[in-house]
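See structure below.
Letters A, B and C mark the chains in the order given here, with residues in each chain numbered from 1 onward.
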Amino acid sequence: MPAIQFREALRAAMVEEMERDETVFLMGEEVAQYNGAYKVSEGMLEKFGPRRVLDTPISEAGFAGLGVGAACCGLRPIIEFMSWSFTLVCMDQIINNAANIRYMSGGQFKVPIVFRGGNGIAHQLGATHSHRMEAVYSRIPGLIVVAPSTPYEAKGLLKTSIRCDDPVIFLESEKMLGEMGEVPEEEYLLPLGKAKVEREGQDVTLLSYGRPLQRVVRPAVKALSNDYNIDVELIDLRTLRPLDVQTIVDSVRKTNRCVIVDEDWGYCGMGAGIIQKIQKPCFDDLDAPIEYVHSDEIPVPFSHPLEEAMMPSVDRIIAAVQEVCYK
Amino acid sequence: MPAEITMPQLSDTMTEGTLVKWLKKEGDRVESGDKIAEVETDKAVMEMESFESGTLAAILVPEGQKVAVGSVMAVVATGKDDPAEVKQQAAAAGPRRARSGPPATLEAASTGEIHEADYVGHVAVATGQQPAGPPLPKLPENVARGVRVRISPLARRMAAEKNIDPRTLLGSGPGGRVVVQDVLALTDTAAARSVPLPHPGSGQTQTVPVTKMRAAIGKALQSSKQRIPHFYETVEADVEELSAMRLRMNQMLEPQNIHLSLADFVVKALAMTLLAHPALNATFNGIEVTRYGDVHLGIAVAVPDGLIVPVLRNIHLMGLKEIRQRSVDLAERARAQKLRQEEMSGATFTVTNLGRYGVKEFSAIINPPEVGILAVGAAEKRPAVRNGQLVARTMMSLTLSADHRVVDGAMAAEFLRTLKQFLEEPGMMLVFA
Amino acid sequence: MAVADQVQRRPPAPRPQSDGRLERERLRMMMLIRRFEERTYQEYTRPGQKIGGFCHLYSGQEAIAVGTAAIFDKSKDYLINGYRCHGHSLALGMSPHAAMAELFGKATGCSHGKGGSMHLFQAEVGNNGGHGIVGGQIPLGVGMAFAQSYKKTGGVTFCFLGDGAVNQGTHNESLNLASLFKLPCIFVVENNGVAMGTQVERASAEIDLAQRGCGYGMPHYNIDGNDVDVVITELGKAKEAAARGEGPTYIVANTYRFRGHSMSDPLKYRTKEEAERAKLRDPIKLYQQRMKDNGWINDEQIEALDHQAAQEIDQATRQADADPFPAPEDRFQEILAEKYPLEK
């Protein structure tokens, strides 16, 4: 299997689906002539032309809503946000319109749209550009929320998302786009709403997704295994809504311990919502409270050392795992 | 008016009990005093009486369920109550705290949380209600107060599956939380005994955790030894005659399948001695001494990883046959954890016997609030001087531990002299019996 | 003073040659809408509250919805709207029963009781909904026009908004996008002079709302929204331009709202005199007069039409009232289109 970049995997998914389905188009800021602010859509304008790869003005509410309207009328838009932080100015279009139109119309419409872009803390972007929006959107009935952690997941999950008849919030990370990973040459799809047990283990269940999974969780799992003799079962959640509760519960029932890692704020954060979903079905199987390793509850600072310090680290994860393992 | 049947508080430290078995079923007629259910506390099974006459209208708690003290378990329709109506109302209300009754000691009865006493105490100490025996001094408040067991949900579930009372577990988690490894360690203890120790010379070690029962015994005995000024006196009794008599009697009793042990004679002699020396047949609460006209003798029984002291009540009224049968029965049920609460409480004196292990003599720790304990060693042939001749006689060493706050050396010596006399001249017992 | 009285930049359109059949149908629809809204008012205020929540009546603005319907091609055009959507829905053919049942929250409502007064949808005729958030629907309308353009269906989208929505950010973004992409989108601002309780002159620095459509490279002008023939003519021209690929048009249809913003509006912000004057320009009265002048109808026939409308609304209301509420378990239906885990 060839190793490709995360951004290439995303691009491959979009290209394949646009070749497959005429109704799929890509729209967003700098996606066409500039070849993508982060070069995800590089070459796509040339390949598909300006009808299907469209630059927009800086009007998130305008083009997000445009996408929703188009999706209601038979198209399958891929709307790229340069950053999920920018969706703070167009939430009405996503939450009120994309998520609700089907319900409010008594099922008369479906809204097959993918909103995608970089989510979370990238690098020194400051408080306004570093929002982790997963908990915001994962709360919303009517939305599907996906967060890939490798190029392989990115391609397979994005292809399914584009084919999905419901609105999908697809959370990438600017910091992951250059990461390499093996991706099969033949076509494949990955299911939505299904978590992946990435590593089987006996001692503790570790839940994560997206960038923190790659940045700190995998290194922590390696250290726990090598240096602490703790056998971690690692689950890549992949889809945050609908959450694959069954896979998580099955694992926690086996290990009797659970640690969740994300880069959200803790209070009402993504992990807090996951805890709410699993604590009851797992209650009699838990030998320790579920631990939640999250970012500090502060605005995201600009300065590099401060930004690093606020986020979950390998050390924080190891400490949390030791705590629930009573080791 | 319908009468509620609630989980009784069978000891000061009891916060909940298990409804083992219903002896009546819904619709049965019950009379006041009828036994209606068996209830198990941590170490005892008790039969529970109905205080009302009427029809058992509703059973609210299934067999095997843990019930907080004071919670309603059943309702009796009395007088003109319609049992069907009472059942309907009771079913609608479900298991709950009684409208009136014993004050709640359980903070969260309905949630099924398990509570514990923070002081389990030596078994003979941890007693409360006494149906027939003398009243014991009130337990310190901290002993009576229930404290919540901190236990992880998994450990709680596993303990229940393994039939382990969580209160007997020593928590190793944060803040003393009982975690699953504590449950596993306890159940592994038995296994650990059979597991061979690390290979000699291998340098390996084996760690065996302390159970809660073990810790409680330790705490109680440490407290006794530290607070009570013990003193010890030992006599050697010549039981040659007694032994010969026992053999002859056992031959005669063989058709009745009765086999008396030397310990039975010692217990009988001890009971007689205690009647003659009420200063030792007593309890002391630090303020006043209570002396008893009856003898309730605690007999220490070794159980796996601990010690239980069942009580033979009114032993002074028993013949040897009854002593034999009763003590065998109590010891067996103690090992099977089948003792009822009143069978473990209210002793006026305790005896402990290590004779069968070949121990020549030893001294025991007093079981407060009692004021003395007798340690019985092995009966064995020892050299003795009789009529100026060195002869082999069957001898037995008896060591009395006494509380010097209320017993003096001479009192103890007189007690031992009487005991020695009864053992050396068993016929003397007939004089006073 | 409502802008409707002040701004009259376009002359009334010349009257078409006709036998009056279509006109009678338009009048009937305007009267049906009026009767529907008045009945809605009664039902809303009747003790027992059959209609809950927000409810915005269209009385006085009927000419705009009916005029639009006259040129609307249900096979390919779309209409999208704010929350004052009863009139447009009826004009596009929604049965009064489906509309009233939705207001009552009944299972037989057009949105199965999940939308309510502000969210009447009828997808099969191109009625893409009433939308509850002021200005929230404008980008959607642009997207619907985008789909028409992308798929080259030849259809156009009528994107309705009120005078309050012009002050929302989406108004700016949507007009710009529609014009930039040359989309077949006709923005129709129904200017009834008041955004909730705030008159246009207190909300918009430019009181000529047609000027709020300038700066986007598209035609923008006022029309008399009380004259159904004017609406037909002017929207018709805009539609033809859009269909020719000339892009969007911005039309401010000036009108007057007879009732309050919503049911709880005490109408303290306007004088009795203003309301009386506005009633002189009641679109239904104006149209009836014109038809009588043309000999297409007489008073007796008008009376009969009104009676017929009242009967129809009464029957629809009674039926809606008798209909069942959705089953409680239905609340979990129609949220997602797919089953999860989803494998494609």
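In the analysis below, contacts are C-beta pairs under 8 Å (C-beta built on N, C-alpha and C of every residue); 3 or more make two chains touch, one makes a residue touch a chain.
Just so it is clear, the structure is predicted and the values come from calculations on it, not from any experiment.
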If a chain touches chain B and chain C alike, it appears here: A
Chain whose Cα centroid lies nearest the overall Cα centroid: A
Pair joined by more contacting C-beta pairs (A-B or A-C): A-C
Chain separated most widely from chain A, comparing mean CA positions: B
Rounded Å distance between chain B and chain C, as computed from the means of their C-alpha atoms: 87
CA centroid of chain A to CA centroid of chain B, Å: 62
Centroid spacing, where centroids are CA-atom means, of chain A and chain C in whole angstrom: 40
Junction residues of chain C, two or more chains touched: none
List of chain A residues in touch with chain C within their complex: 23, 25, 51, 54, 56-57, 59, 61-75, 77, 89, 92-93, 96-97, 101-112, 141-142, 144, 159-160, 163-166, 189, 191-194, 239, 242, 244
In the complex, chain B residues that touch chain A: 152-157, 172-173, 179-181
Residues of chain A defined as touching chain B within the complex: 256, 283-288, 326
Interfacial residue positions of chain C with respect to chain A in the complex: 78, 80, 109-115, 119, 121-123, 128-129, 131-133, 136-148, 150-151, 169-170, 173-174, 176-177, 180-181, 333-338, 340-344
